[in-house]
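Order as written gives the chain letters A, B, C and D; numbering starts at 1 within each chain.
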Amino acid sequence: MPDLQKSRDTRNISIDKVGVKDIRYPIVLLDKYREQQHTVARINMYVDLPEQFKGTHMSRFIEILNRYHGEISVDNLEEILGEMQQRLDAGRAHLELSFPYFIEKRAPVSGARGLMEYQCRMIGTLSDHFDFVIEAEVPVTSLCPCSREISEVGAHNQRSLVRVQIRYREHVWLEDLIATVEGCASAPVYSLLKREDEKAVTEQAYHNPMFVEDMVREVTRKLKENSEISWFRVECENFESIHNHSAYAQIEMTTGD
Amino acid sequence: MPDLQKSRDTRNISIDKVGVKDIRYPIVLLDKYREQQHTVARINMYVDLPEQFKGTHMSRFIEILNRYHGEISVDNLEEILGEMQQRLDAGRAHLELSFPYFIEKRAPVSGARGLMEYQCRMIGTLSDHFDFVIEAEVPVTSLCPCSREISEVGAHNQRSLVRVQIRYREHVWLEDLIATVEGCASAPVYSLLKREDEKAVTEQAYHNPMFVEDMVREVTRKLKENSEISWFRVECENFESIHNHSAYAQIEMTTGD
Amino acid sequence: MPDLQKSRDTRNISIDKVGVKDIRYPIVLLDKYREQQHTVARINMYVDLPEQFKGTHMSRFIEILNRYHGEISVDNLEEILGEMQQRLDAGRAHLELSFPYFIEKRAPVSGARGLMEYQCRMIGTLSDHFDFVIEAEVPVTSLCPCSREISEVGAHNQRSLVRVQIRYREHVWLEDLIATVEGCASAPVYSLLKREDEKAVTEQAYHNPMFVEDMVREVTRKLKENSEISWFRVECENFESIHNHSAYAQIEMTTGD
Amino acid sequence: MPDLQKSRDTRNISIDKVGVKDIRYPIVLLDKYREQQHTVARINMYVDLPEQFKGTHMSRFIEILNRYHGEISVDNLEEILGEMQQRLDAGRAHLELSFPYFIEKRAPVSGARGLMEYQCRMIGTLSDHFDFVIEAEVPVTSLCPCSREISEVGAHNQRSLVRVQIRYREHVWLEDLIATVEGCASAPVYSLLKREDEKAVTEQAYHNPMFVEDMVREVTRKLKENSEISWFRVECENFESIHNHSAYAQIEMTTGD
C-alpha cells in the first residue's frame, strides 16, 4: 500500500507543528500525598515536519500514547517526547496534557474534608533541549478594597480564577504551587464549609480585601522568592459580582538565579 | 437528478424533529425603546417527518431563513413556521433563535449609561396551534443571608444567573421581563458603575440578602401576579464566591387564568 | 449559631429543585470488561423544598458525595438518592453524573488497540419510585446517500454525534448500548487506524450511506427490538463537511412490553 | 470619596496587562461590499500599570467603549487605543475584538445566495508604535489523499477549520483574506447548496485531496506571495470523520519585504 505521507513535497515549506489534537485519555499522575491519582486528560501531540516530507504519520502519535498508557507523569515526559522525535523523524516534539487535579482540603474551623478540583496543564517540548511548563488554575475569593472603603456595610466579593504557569529548576509540586496561589487571595474557596467555616471565610475575606492587581502582584512576590522557579506567568480574572464582565490582570517574568 | 429524500422509507418510523442546527445568522429585532436592534442569532429549524419519507430537504430551511433575512421577529415567527410546514410538507414546525440582546441601563446614582447584554431565546412551534416561549438569562448579584447573619463583618456575595422562560397570553417585552427579574435579586448588575454607584450597589445588596431559593421564589411571586403570563420556568444559579461549584434552584408553574 | 435555612417561609411557594451544580469529582464505575474504571464526573444534586422552609442545606449534598467517594455506581445510585431524601427532608431527590467513559476498541483489519472516549451520563430521581436514565454520546461517521448518488466520484461524509438516552427494565451496559449505536452508522470511528484499516473504514462508509434520518431510524429499530428497554430518545447531529452548520434528527419513544 | 486605585503601591511590581475582559458589545464594521455590517463582539481592553500605582480605573474602559459605540472599526482602532493610553496614564494599551462576520456567498452551480459566518478577531496594541493583527477562522472541506489513494471507492473527508492571523503593511480586507484561505482547501463550505451544487462540491473535493499539512502549506504559499503581508500564522484543524480527535498543523512566518 502506498505511503503518501512519505512522498516528497516540493513547496520548500517546513511545518512548525503537526499532529493530533483533543484526544481524551485516562492518565495516572504522581500525587504528593496519595502516591497516585487517576484523572482524565485532553491531549495534544505535535512534531515539526521538514520541508521535504509531504506528511507526518498521525497513527504513530496514538501508538506512543497507548504504550505509555497508565504511566504518563512529569518524570517520563521527556522520554515520551524523545520517542515522538525518534518515531516521527522530528527535530522538535511537543506534548500538552490538560486535566482536572484533585486535592483534599480541610475546612478552616470544622476541619471537614472536601475534594477541590483544579484544572491543570503540563506542556513539554523537546528539541536540542527539554522545556517544561506546568500550569494550574486556582479558584479563589476576592473582595474589593474600594467597595469596602466607600460602603457603610459589606463589600462586593466574587469568585476569581488565578492561572499560573511556571518553569522550574528543581521540581515544584502542583500541590505547593496551588497552596502558594491560595495564600495570595482574599480567601481560598472550599468544596465543603460548615456554618462556622462560612463565618470564618467571610470574615477572612473582609479583613483581606484585594484588587485583581493585588492578587497578581502577591503571587508574583511569592514566586520571585522561590529560587526553584526560573520563569512564570500569572493571570487573574475576577468574575465581578456587580458587573457582567471580568476584571483581569497579568504579569510575566523571567527570574534571575 | 434523482431526489433520494423523496423516496419511500419502509421502516414505519416517523421522526419527531429533523432539520438544521447551529446556523449563525444576523437578525433585526423589535426593541421596546429603540425601534429595532441588530444582533446575531444561533438558529435551529426542525420539522417532523412522516414515516413514508426517506428524508427532509435541508436546503429549504436555509432558503426560508434567507427570505426573511432582516425581518425575523416575534411578530412573524408564526408566519415563518407556517412556511416551514408548507414547503417541507410537515405537520409540525419548530424554530429556535438564541441571541444576545442589549438594553441601555443607567447607573443608580451617577446616572452613567451603559449597555447590558442579556442572552435571550425565542422558541416557536406550529402544529395545529402555535406555541411560543420566550427566554432571558439575567445576571444579578446575590448576597448570602446566612453569611451576613453569622459574620461580624461582610457577607459573601456573587454573580448569579437567572434564566426565565415564559409563555404569555398577550405580548410581554423582553425589556419588562428582564426588569422584573432584576428586581428579585440582592442587586442588579451593571456594565458601568462610578464610585458612588459602587457604594450604592454594595449597600443595596447587603441590605437585601437572598438565598438562591429566595430569588426563584421572588421571581415566581412576580410572574404569578402577571395575568399575561400563562406558564413559566425560572432557574437561578449562584456562582458561589466561597465554593468552586454553583448553588441552583428551579420552579416551573402553569398559572390559571 | 442561627440556622436561617430552617426558618419558616411564608410565600407559599415550594421549589421543584434546589441543590448544588457543576461539582467535579473523581468516580469509579463498574466496567463490563475491566471490573472498574476511574474517571471524572461533573455532578448535579437536587432535592425539592416544601413551601414552609426558607432554604435547603447545601453542605449536606457535599457530605453525602464524600461518603460515597470511590463507590458511586449504577448499583448504589438509589441508595445515594435515598440518603439525599432523608438527610435533606425531601420528597424527591435528583442526581446527575456526566463523565467520559473509555472503551478499548480494535481496528477492523490490523486489530490495533485504541481507547475510545464516550461522553456519558446517569440521571437518577427518587420520589415514591426510582427513575433512572442512562445516556451515551457516540461519535460515528456518516456518508451522504444523496451526494454519493449524484456525484461521479466520492461522497461527502463527516463526523456525527449520536446521543441516546434510555430507561431500561433490566440492566443494559453502556458498552452494549454504544455498540448498538455504532452499528447504526455509515461506519464507527476509532482512535487508532493503520493504513489497511483506513481503507476498510473508507470503503465501509461508502457502501453504507446514511442520512441523519437513517441513523436515528436505525437506532430506533434496534432499541425497539430490545425488550429490556422501556423508553428511549435518540438524537443525531451531523457536523456537515460541506456546510458550517449541522443536520439534526430526533426520535423519542416509549416502548410497550 | 477616597480613590484607593490612585494610592501608592510599594511592592515594586509593574503589571503587564490590567483591564476588563469578556464584555459583549454590538459593533458596526466596514464591509467591503455592503458599506457596513452590524455584529456583536466580545471585547477585552487592557493597559499596563506602573509599579507605583495600586490599581487602574476599570470604569474608564467602559466609558471609552461607550464613546465609540457604533463607530468601532479598523480605521479608528489606533485612536481608541490612544484614548486608552491617555485616560488611563498607560504606556501600552491593548484591545481585542472577537466577532462573527458575515459574507454573502453564491453556490457554485445554481448561484443560490447564502450567508456564511466567519469568526474573526482584531487585536490592536499601542505603545510607542501601533501593532495590529487581524484573524479569521475559515471553515472548509478537506478530503484525505491517503484514504483516496488506498480505497477502491470514496475517501474520507470532513469539516476543517483554518485560523489565520496576519499583520499587514497596507490594508487587507477580511473578505480577501477569507477568499484566499477558501482557495487552499479541498473545497469551500457553503450555507446553501442545491443538489447540482452538492454534486459539484463533492467532486471538487475528490479531485483536490489535501492533508492538513497541505492546507497550511498552501495558505503559506499564498500569503508569502502577498507583499502587503508582513507576518502571519496559519493553523488548520481537521475534525476527522474517522476519528474522535483532530489532525492539526501550524506555520508561523515573518515575510521579508
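Operating definition for what follows: a residue touches a chain if its C-beta (ideal position, glycine included) is under 8 Å from a C-beta of that chain, and two chains touch if they have at least 3 such contacts.
Bear in mind that the values here come from a model prediction, so they are computed numbers and not experimental data.
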Item checked: Chain whose average C-alpha position is farthest from chain A's own -> B
Checklist line | Chain pair among A-C, A-B or A-D whose interface repeats that of B-C, sharing over half of the contact pairs by residue number | finding: A-D
Checklist line | Distance between the centres, which are taken as Cα means, of chain D and chain C, whole angstrom | finding: 35
Item checked: chain A and chain D: spacing of chain centres that average the CA atoms, whole Å -> 26
Notebook entry, point to check: So, what's the distance in Å between the C-alpha centres of chain D and chain B?
Noted result: 29
Next item on the list: Could you check chain A for residues that touch two or more other chains and list them?
Entry: 1, 23, 117, 146, 150, 191, 193, 195, 199, 245
Next item on the list: Under the touch definition given earlier, write down the residues of chain B that touch chain D in their complex.
Entry: 1, 3, 23-26, 37-40, 59, 62-63, 66, 69, 100, 102, 112-115, 117, 191-196, 199
Checklist line | Complex interface listing, chain C residues touching chain D | finding: 116-117, 139, 141, 143-144, 146-148, 150-159, 187, 189-191, 193, 195, 198-199, 201-203, 205-207, 239-245
Note to self: Under the stated contact criterion, what part of chain D meets chain A in this complex?
What the structure shows: 1-2, 4-5, 9, 11, 13-24, 44, 46, 49, 54-56, 58, 145-146, 149-150, 211-214, 216-217, 220-221, 237, 245-252
